[in-house]
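Two complexes follow with chain A in common, the first pairing it with chain B and the second with chain C.
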Partner chain A sequence: MAELHILGNIHGASNFKYQSLFCRYSFQAGPNWTVVSGLPEGQTVSGQLGSSQSAVWSHPLDIHYITKGLQGWPKLLLHVSCLDSLGRTWTVGYSCCSLPAVPGYHEIELPCWAPSAATLTDRIRQYFLGGSHQLLQTDIINIGLDRLKLKTESRGTVKLHIDIVLRNFSQFGVEYK
Partner chain B sequence: MRDSEVTHFLVSISGQIEFASFPAGVFDEEVYVQYEFVWGPDWAVKSGLTSGVSQMARPGSNPETVVFNMPVELVFSSTNVSGWPQIILTVRAKNMMSGDSLRGYALALTPPTAGVRQITSPLLRPRAATMLGEWLAWVTGRYPELADPKMLASGKDNYLLRTESYGNITMSLSMISKDLRKLGYDNQPPAYKESS
Partner chain C sequence: MSMGRLFRSEDNIAVDGDSWMSMHVVLDNSEYNEDSQLLLKQEAVLLSLHHNTTRNYVIVSPDVNTLEWNPYAVETSTGVRWNYVYALQLEFDKEDDVDDLEILLKKLKKKWNSKNKHILNFTMPSIGKRQYFITLEILSAKDFDADELYVEFFIKYPDGVTSSDVHHGRTHVTTSMRSEDEPRQAHFAQTVDLQVEADDDQEPAPIKLFFEVISTDWWGRHRTEGYAYLPLPLDPGHRTRVLTCVRPEEKNKVEAESRRFFVGGCHLLKDLDVLTKPRMQNTDFYYASSGTLHLRWSTLAQSTIACPRPPAQPSVSSASAVLQGAEAVLKQYRKARARLAAATRDLKCHDGGGDSWNNN
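Up next, the complex of A and B:
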């Protein structure tokens, strides 16, 4: 069976208007894919906004997949959350990225979005008290169905440094370069 | 050796820890860096030093950077790419008044593709959990430290450690592999892709 290694790190986030940020991530792949080693989900440390308006996590990624088919190439899902001075957390951004199928080094900038406040009272409450709307069904992040009625606003970006190593793909006739 | 008998691949990592840079200038008398390699269960070290400490350095005409030029050279052998070696750097400073104190931790993956790579990783340092601790850190110039910096490389059980980032450290590392492609691995970017 063909193997895929994803190495690298989640570098950090920029242009979020919050003091302290962290990120929960998970890898999503189709039924053909099996995780052999590595953590398919995790949480970064919480980073404080530095001088360059960016929070740094430098969180390592190392995951090993084996696969029987190409359907459902792994995706990385991110939930960026903020941690305020009272210790409260809420989600401030969602993002999803299909991982590159090209071996070698990739620097990926992932723009994030979050559900926006629908009513004026919600907006006022969020401005003064914090908090946000969250998704109940997180499938909507990686599956492009039923997005029409969702109101979102754009947030900052998350930066990834990814190295892809493939094994035995060409043996099975998969052409990727 | 016939191709079918190849079970291990070798990876040689060599290069140097070039410099640390702090955008607001260096106010310490002496700065030094400790490095340590971390690798997965299938990996073994064939030769080289897996940890070390640099000289005591201070900035020159450029007040923002401290040059170490600390050489690093290692050969690993492995059967599996998973658990690729990472390097953990601890930057510390020594002062007359406050003694030895932490300036930050950095984590970097050694390059999994052949060739030279310049790696800049941010320095992270844990924040005190309480206001009093934060005030003490500010007064004494000593910051909370991790009991085991290797926990950064595992990427789990950080229990939402609060960190801040200040400055970064630049390395240039080159990787050479043997038998990696014979074992069916493909780690090289295609010719059409720019290296950036």
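Up next, the complex of A and C:
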């Protein structure tokens, strides 16, 4: 059976306008894929913004998949949240990326977005009290080709440093580079 | 033709170190004189039993079969050629043994199937076809004048490439982000999964991807800010690309600026193919760059050319010895049957005599 190793770390976030950030992540893959070892979901530590306006997490990733088909190549979904001085948290960014299908080291930037305030009242409330609109169904982050009705705001970016290791794919006639 | 040599063929490397003991049932039609000295050798091997003394299994060659499978010829002293056929049937002494053997064989088959499940169940393309799996990401748009943007994309597949995926899609609307040192950028991070199929013997042309960056405003008006075209090659790999978006503008600068200021947007392209063929462009307009679109994609190709091969077997351990032995039996059996069929064809043509048999 073909195997995929994902090794690396979620390096950090930059250009978010919040002092303290953390990230919840989950790997999503099709029904052909099975996680053999590693945690496909997790949460980073909370990182304070440094002088370069970036928070560093260096959260390690080590996932081992086996698969019986190429459909549903794994994706990484991110929910970036902030932690304010009162201990409140809310989501400030969503993002998704498809993992590279080429073995080797990759530095990936994930641009984030968040649902925008629908009304002026919401905007004022969010400005003074914090909080944000959140997605009830997070499937929309990685599924759906027509999401015009979703109004969002662009947020910062998350950096990912990963190594991809493929095993036995060539035995099944798969070319990846 | 020697069965012993057949079993030492290049296909038998895995069990090369094994020792064998063989027994042959031979039809002897040779001519002898009164002192039992051989005058003319005429033999036909009807049945061979090969015992692998290392792993303790028996190969019966040919296997249990019907009459049509085993022809042989015998020529009489008068030169008349007689063609015969024979069948082979194995019978065990006790019914209990048959049941035990059946159970054992079923278990072995189950183990073999589970062990080779990875080969049997991996999704493969149709024979003669080649499948491409593309994961495209529309990352962001930068340097556009408008704040609220979305991207509409169209996919055109070339001749010879088929896909059941959709050919059109739209990202969400996002408000651009402004930072001090960087240009304003709109984040999308939308993934598009494509699965296309083409004939294996041809090199497919690139897929045509057309992008239209559109802005929305407070009044709900949608205006095209720029077009981009990407010929997406189907070569496997991971790539990142920055596309410069262009919009058609009047050649008269004042007229173009006035239209942009008062009306907004740009002239629309009726046929996006004009982006692929510059000679089709209207000479009354020129194309002004309006921003950049950032894309990333990975391509995988899968074909049936490379036959799946099982991974290298580990050295024989006590638990897997029986299973490995069974696999060796199956392999030997197939080889033996093929070689025997070839050998019997020779016998049919050349009197069936003069064969020499070696025991291992």
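For the reader, a short list of remarks on this structure follows.
Keep in mind that, in the parts below, the second predicted complex is superposed on the first by the 175 of 177 C-alpha atoms of A that agree within 3 Å, B and C clash if a C-alpha of one lies under 4 Å from a C-alpha of the other, contacts with A are read in each partner's own complex, and residues count from 1 in each chain.
As a working rule, contacts are C-beta pairs under 8 Å (C-beta built on N, C-alpha and C of every residue); 3 or more make two chains touch, one makes a residue touch a chain.
Small disclaimer: the values here were computed from a predicted structure and weren't measured.
Contacts of A:102 after superposition: both chain B and chain C are touched.
Residue contacts after overlaying the shared chain place A:113 against chain C, while chain B stays out of touching range. By the document's definition of touching, of the two partners only chain C reaches A:175; chain B does not. When both complexes are overlaid on chain A, the residue A:56 reaches chain B alone and has no touch with chain C.
Once the two complexes are overlaid on the shared chain, A:20 sits against chain B while remaining clear of chain C.
Of the two partner chains placed around the shared chain by superposition, neither chain B nor chain C is touched by A:34. Of the two partner chains placed around the shared chain by superposition, chain B is the only one that A:45 touches, whereas chain C remains out of contact. Comparing which residues of chain A touch chain B with which touch chain C, the overlap comprises 102, 168, 170-171, 177. The residues of chain C lying in touch with chain A in their complex are 117-118, 121-125, 131, 133, 135, 137, 139-140, 150, 166, 168-177, 179, 185-193, 195, 236-238, 296, 298-309, 311. Against chain B, in their complex, chain A makes its touches with residues 5, 7-9, 11-12, 20, 22, 36-39, 42-48, 50-51, 55-56, 58-64, 83, 102-105, 107, 161, 163-171, 177. Across the complex, chain A is touched by residues 23-24, 40, 80-84, 86, 106-107, 109, 111-113, 117, 121-122, 124, 127, 152-156, 158, 160-166, 183-190, 192-193, 195-196 of chain B.
Against chain C, in their complex, chain A makes its touches with residues 1-2, 15, 32, 68-71, 73, 75, 94-98, 100-102, 106, 109-113, 116, 142, 145-157, 168, 170-177.
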